[in-house]
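Just below sit the structures, each encoded as structure tokens.
After this come two complexes, each holding chain A, first together with chain B and then together with chain C.
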Partner chain A sequence: MPIEVNGKTFETDEEGYLANINDWEPGVAEVMSKEDDLELTDEHWDIINFLREYYEEYQIAPAVRVLTKAVGKKMGKDKGNSKYLYGLFPYGPAKQACRYAGLPKPTGCV
Partner chain B sequence: MSESIKQFLYLNRKAPYGTIYAWESLEVVLIGAAFDQDVSLAFVEDGVFQLTKNQDTSAVGMKNFSPTYAALGDYEVKKIYVEKESLEERGLSLDDLQHLTWEDEDDDWAEKDSIHLVTRSEMTAIMDGADVVFSF
Partner chain C sequence: MAKADFEVPELQQYPEIPAVEPGVMAHSSPFKSKPQFQADLGFPGELVDDWQKKALDKMGDLLSRYRSLRVYLDSCVKCGSCTDKCHYYLGTHDPKNMPVGRQDLMRKVYRRHFTLAGRLFPKLVGAEDLTEEVLGDWYSYYHQCSQCRRCSVFCPYGIDTAEISMAAREIMDHIGVGQKYCNEIIGKVYKIGNNLGLPGPALADTLEGLEEDVFDDTGVEVKYPLDQEGAEILLVTPSADFFAEPHVDGLIGYGKVFHEAGVSWTLSSHASEAANFGMFIGSYENMRRVALRIREAAIKLGVKRIVFGECGHAWRVAYSFLNTLAGPWDFLDQRYPIPQHICEFTYGLIQEGKLNLDKSRNDDMVLTYHDSCNVARASRMGDRPGGQFDIPRAIIRATCNHFYDMDEETIRDRTFCCGGGGGLLTDDLMEVRVKGAQPRVEALNNVIQEKGVTHMAAICAICKSQFTKVLPYYGMDLDQIVSVHQLVSNALVLTGEETEDEDEAADEAA
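Presenting the complex of A and B:
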């Protein structure tokens, strides 16, 4: 189902992931999170931006285990654990945060 | 879950583009790495081209997925075997390949080389030692 962001329409796949990663703008994450009744804080944005940088470098959305470890390395052990990440993204940090970031569903997620 | 950890070897023999084998193999590796397996990758014949630096796919209209090989370390894939003879037969050397590393969390994130150059006979032994070989 396409989503509306600031008057623009964005195509998504059947699971709500953005069809074209290059379309992404921060408003996409705002609209998607509002639909999930989630308010995005700086902590959420740290993860979303981190995922976008990861994709830019490696051309894949990381599996949750890989994300957890990479966040731990970059932002410290207190953030690189699943409790912290699931606290921010209750539907699963890889799936939900990747969707907000405009990335495809992580490879290996079923 | 299974009682023992199996040794999986993913054998890559084809050039990166033109067929889907190389990308499929990489995707299966990334998916499989989420499970408790001992994963190794082997590159022989035209498969060695998959690891070359500076790939440019703009003319063939396929996504350049070569940056993804650098993520293998994050997925705990630390053993990448490249056959020396296959490189030489194609006028390539280790310097033509990406420098792939993994970071050892127990060693203050020290970067360690993932790629191991092996001879054809060593490669035979590696294949022989694996519990399961997936050929792509």
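Presenting the complex of A and C:
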């Protein structure tokens, strides 16, 4: 189902992930999060931005441990765990944060 | 946390056999594979024109290749033993999720076209044509089977519904009706080397991070080597071990065990996946292609042994089929099992007294153990029958002070599937996953109530991911599922490790 962002149309797949990662703009995350009744704070944006940077370098979303470690380094050790991430993104970092960041969904036994 | 748009089953103290509710799960079916994913596997991109004929041709081909399939389709006497044994029936109440109901979806077509009585008097023998409606039922209900084989344990003829499900999926793939989750993933293994699509550099970065973490925790330089030629052991593990929790805690444990054993080992970026989804879709050709990557990596790296990490169906493929799929393995060291399970490896060291294990480090947990279906019912470990049940438990007992088994009707060869196996571990099947988990979660809940169990250990990546997702639907925490080698990792005192007591002593001395 395509989504509308600032008058532009973005293609998504069956599960709501952006069809083309290069199309992404911050408004995509805003619109997607509104549909989930979630308000994006700076903490959310830190995660989304990290995901995009990591993807640009490695062509894959970061492993959960890589992500929690990066968060821990930047924002303090008490936040470097998956509980903190689930607090921000209740549907999970992969399902929700990757989707907002325009990344494809991680596949496999995860 | 988890929001359901379906009714989550209530957990009972004693299992209840539900009354049938015909058709309640007819709406459940996974996303269809896209043409490009089909093409990667050598299947037609979409439903072919003469699909009925092609499907029957394929069924005939499979019947001639697999004698077992014909025996399973012929021998059912409708005794009813299997009816209340499938977790998907118990959780959904749909009679087509009774093993016999699921088998009959194919059996009626088989009878119509491959038996004399069915050709002449179809109505008398319950024979039916392969109509569009029947195909729809196949797609729906053969993707509500996790191929766990529990029903086969109770069938007096040993009919294995898993093989019928696999055959059905293979037939559907050949007429262009594939499942997105499985087929996209197999394509990623061919292109990148693993189910996740984790490229070499990301893998190296992740492993480097683990080395740092273990060093920070213990002060010991434990290595997690990648593509190291000349290493003795090639570790083949599910890519979820690099990516997800609690899987990665298990991987950390494997590395510590290898370190303490003093053997050289390596992972491979070419064979960075133990899982073999070729089995789920019943495709011998794809299963073989995935398995051959392990052979290629073993030869290129010049290893002498192959060890598999914690992955259920990978171990079935490895233990039961690896030799015929990708053998002969005459270039490996014949003094060791080919392949060997990481649990066998660790258990051997424990028996030799080579691991210094401090059980009290796991005292914050009371454990139970979930037998993963493919390990329990389709493989073995060690040199004694039942080793696949006893060895993981022996490891848990050697690393933890508090361990209780769940109800005996739900463990060992009678174990209930986690509800996410067989290619169903995908969000578009969340309803059947949550409902199918009910029998297992019910048994878990009972040991939580009666014995104070806090965590359940498993040796399968699918089980771990499935429970992480479904336990919250039942009011439990996502981190109540742990890896067996996570327990080993916690308890193992590494040679030269800085322990807290020593730190304190050093602080005091200063």
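The working rule: the second predicted complex is superposed on the first by the 98 of 110 C-alpha atoms of A that agree within 3 Å, B and C clash if a C-alpha of one lies under 4 Å from a C-alpha of the other, contacts with A are read in each partner's own complex, and residues count from 1 in each chain.
Basically, a contact is a pair of C-beta atoms (placed from the backbone, for glycine too) under 8 Å apart; a residue touches a chain by one contact, two chains touch by 3 or more.
Quantities reported herein were computed from a predicted structural model and do not represent experimental measurements.
Colleague: Figure out whether A:107 sits in contact with chain B (first) or chain C (second), or with both, or with neither.
Modeller: The answer is both, since A:107 touches chain B and chain C.
Colleague: Quick check for you: in the superposed arrangement, does A:15 touch first (chain B), second (chain C), both or neither?
Modeller: second
Colleague: Now for A:86: first (chain B), second (chain C), both, or neither, which partner does it touch?
Modeller: second
Colleague: Could you look at A:73 and tell me whether it touches chain B, chain C, both or neither (first, second, both, neither)?
Modeller: first
Colleague: Could you say whether A:59 touches chain B, chain C, both of them, or neither, answering first, second, both or neither?
Modeller: both
Colleague: Between chain B and chain C, which one contacts more residues of chain A in the superposed model?
Modeller: Counting residues of chain A touched by each partner, the higher count goes to C.
Colleague: Same chain A residues contacting chain B and chain C, which ones?
Modeller: 57-60, 62-63, 65-66, 69, 107-108
Colleague: Sort out for me which residues of chain A touch chain B in the complex.
Modeller: Interface residues on chain A, with respect to chain B: 57-60, 62-63, 65-66, 69-70, 73, 107-108.
Colleague: Mind pulling up the chain B residues that touch chain A in the complex?
Modeller: 27, 30-31, 33-34, 63-65, 67-68, 70-71, 74-75, 103, 105, 109
Colleague: Under the definition above, what is the set of chain C residues touching chain A in their complex?
Modeller: Touch list, chain C to chain A: 1, 31, 180-181, 184-185, 188, 194-199, 201-202, 205-206, 209-210, 213, 238-240, 242-245, 247-248, 275, 311, 425, 427-428, 461-462, 464-465, 478-479.
Colleague: Residue numbers of chain A touching chain C in their complex, please.
Modeller: Against chain C, chain A makes touches at 14-15, 57-60, 62-66, 69, 82-83, 86, 90, 95, 106-110.
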